[in-house]
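Several structures are given next for inspection.
You will see two complexes here that share chain A, one where it goes with chain B and one where it goes with chain C.
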Partner chain A sequence: MPVGGMWGSDLVAIRPEFFQVMKSPFDDTETVCVKALVPDYAIVHVQEADIYGNCRILGPSYQDALMARAAKKTIVTTERIVGSYRMQEEPKLTAIPHFLVEAVVELPGGAKPGICYPEYQAVDWDKHKAYQKAVKADEVQKYADMMLEGRL
Partner chain B sequence: MEYGKPEMMAVAIIRQIEDGDIVFHGLASSTPMVAMKAAKALGKEFTYLTLSDGVDHDWTRPPYVASTLTENTYTGSVATFGLDEIFDLYCSGKGDIAFLSCLQMDKEGRIAMSYLGGDYERPKLRGPGGAGSATLTPVTKKTTIWKTTHDKKTFIEHVDFATTAPPLDKEMTVITPLCIFKKPVGEKYLKVAYIFPYTTLEEVKENTGWEIDQTEVPVMEPPTAEELAAIKKVDPNNILHFEFK
Partner chain C sequence: MKNKMMSLSQATDLIKDNMLLAIGGNAMHRTPSLFTLALTKKPVKNLKLCGAAPGLATDVLLASLQADTSYFGFSGLENEAGLSPGMRKAMEGEGKVRAIEGS
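The block that comes next holds the complex of A and B.
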């Protein structure tokens, strides 16, 4: 896909599998093209989802909706399952519609030790460090088990 | 009132913003965050975009962590505008300033943000990348790099792998604890535009990895009492000093 910017970056030459330069068919200007990324999965945590996968993101949404559109399959974890009436009240607030979603998991606190606005608004640094340690020690499964059991 | 390098840098950032500008800073950007809140407190009329999606958030709420990805840069916003939308906006030429940083920079304003040492595949230090700076620098009217260290490891003669480089037809400004470099429109190399009141051109030369042949440069006006008061007002938790510890 053609994009703006990127001229002058050495990234273009070192990653030809992702970046190519072509002439615009409209005015012959040089344009950088970026290969579309298609992840197998996007895993997105939201504040509210219904059982069909319609998601409301009640704070900064970053590029979550974009990732859900790009991925082959999207798995949603949610602070809570809500009735679809919530979406019907204000359809514009549905950031990710159900047809993009493969599975919904109700998982309160699922973004910890990170942030989920406005439920928990500060990073839990002690637990974040424990996670980093677990990654280095190849003990992520153990960390996840302890977290899910509330033993962290 | 007393001031140090953090306050001088913040004031230089504030003075970079003009009324009517659309301004964005990236993540982990406590220095421009505090400066931009202070610019709002001083009554500058500009649009403040952040990575937290917020447009013109409530700047009167003091930051409590140095992260720029929290609700602090979202709560009280008048609209949301995501990073993908910000990229599109800037690529259509409507962005005035992006406050960005770097790992290293050379005399042409070429920026290393991808890695330090080794090579691209096997770096000694893998940087945060530079989707942001690589996309924004070529299209932003006044790209402004802020860097809280000024030494010969940071400002080097030649960057091997440039994550981005300023285009010839745009200006670039670089704000350090010692001085302001500028690459004027149509020129290739950075020049010292101002030194700060507590330093000398000699000290700047000693701490810069390329040869500076200028013999005289203007000294920037020190922060005014009003500017320092605005910084204090928006930043009671002294987040501004985070990058200088």
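The block that comes next holds the complex of A and C.
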């Protein structure tokens, strides 16, 4: 797909598998084209979703709404399930609409030991240190058991 | 509209070998970390991951070596959480996972 803003970046020369320069079909100007990644799934954690997959993201949304649109389908984990009336009250706040979504999982604390504004606003440092140790010791599955107890 | 509710285990079963996954959130913020931790309990492998600033949830699949490629602009946990431990393990030295940086 064509993009603006790549001029001046060395990536255009370094990564020909991702960046190519083409003539614009509208005039003779040169245009940088970027190869699109098409994810099989976007996986997104949100604060609010209804049972159909309409999602609200509170606070910064980063690239999540774009990822849901780029991917073939989206899997959502959510802090809580809300009634669809929440979406109908303020449709503009729906970051991801239901037709992009294949699965909705109610999973409070789904971003732990990280942060999910405004539900938990600080890293759980004890659990994060335990993760760092688990990575070094090749014990990520054991750590997963501890974090997921009663949720699978 | 169709009811799409399912369990964490049912949702992780949708992920198959070799799939490309875009993982949401940023660094330590709102990443689907319990989902990817649940994926470490499944035999899925050779995943490809992508994101602009992937963080904790992506790190889990690099630590478990269930991914073989990661596309990113910046990859890390930021602030006090620092570098991404699973990414370092997967990419430093012999480099078991391919890093494709495109920022």
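Operating definition for what follows: the second predicted complex is superposed on the first by the 138 of 152 C-alpha atoms of A that agree within 3 Å, B and C clash if a C-alpha of one lies under 4 Å from a C-alpha of the other, contacts with A are read in each partner's own complex, and residues count from 1 in each chain.
FYI, contacts are C-beta pairs under 8 Å (C-beta built on N, C-alpha and C of every residue); 3 or more make two chains touch, one makes a residue touch a chain.
None of these values were measured; they are calculated from a predicted model.
S.K.: With the two structures laid over each other on chain A, which partner does A:25 touch: chain B (first), chain C (second), both, or neither?
M.R.: Neither: A:25 stays clear of chain B and chain C.
S.K.: May I ask you to decide whether A:136 touches chain B, chain C, both, or neither, giving the answer as first, second, both or neither?
M.R.: second
S.K.: Once the structures are superposed on A, label A:38 by its partner contacts, choosing first (chain B), second (chain C), both or neither.
M.R.: The answer is second: A:38 touches chain C but not chain B.
S.K.: Quick one: classify A:11 as touching chain B (first), chain C (second), both or neither.
M.R.: both
S.K.: Counting residues of chain A touched by each partner, does chain B or chain C come out ahead?
M.R.: Larger number of chain A residues touched: C.
S.K.: Going by the contact rule set out at the top, does A:63 touch chain B (first), chain C (second), both, or neither?
M.R.: both
S.K.: Per the contact definition in the header, classify A:118: touching chain B only (first), chain C only (second), both, or neither.
M.R.: first
S.K.: Please indicate which partner A:3 is in contact with in the superposed arrangement: first for chain B, second for chain C, both, or neither.
M.R.: Touch status of A:3: first partner only.
S.K.: Of the two partner chains, chain B (first) and chain C (second), which one does A:150 touch, if any: first, second, both, or neither?
M.R.: In the superposed model, A:150 contacts neither chain B nor chain C.
S.K.: Across the two complexes, what residues of chain A are contacted by chain B and by chain C?
M.R.: Touching chain B and chain C on chain A: residues 11, 59-60, 62-63, 115, 117, 123.
S.K.: What residues of chain A sit close enough to touch chain C in their complex?
M.R.: Contact set of chain A toward chain C: 11, 15, 18, 37-46, 51-53, 57, 59-60, 62-64, 67, 70-71, 75, 77, 81, 84, 98, 101-107, 109-117, 123, 125, 128, 131-132, 134-136, 140-141, 143-145, 147-148, 151-152.
S.K.: In their complex, what parts of chain B are in touch with chain A?
M.R.: Of all residues in chain B, those touching chain A are 51-54, 65, 67, 69-71, 74, 80, 82-84, 87-88, 90-92, 110, 114, 120, 130, 134-139, 161-167.
S.K.: Within their complex, state which residues of chain A touch chain B.
M.R.: 3-11, 14, 59-63, 66, 115, 117-118, 121-123
S.K.: In their shared complex, at which residues does chain C touch chain A?
M.R.: It is residues 1-11, 14-16, 19-38, 40-41, 50-53, 55-57, 59-60, 63-64, 71, 80-81, 85-86, 89, 102 of chain C that touch chain A.
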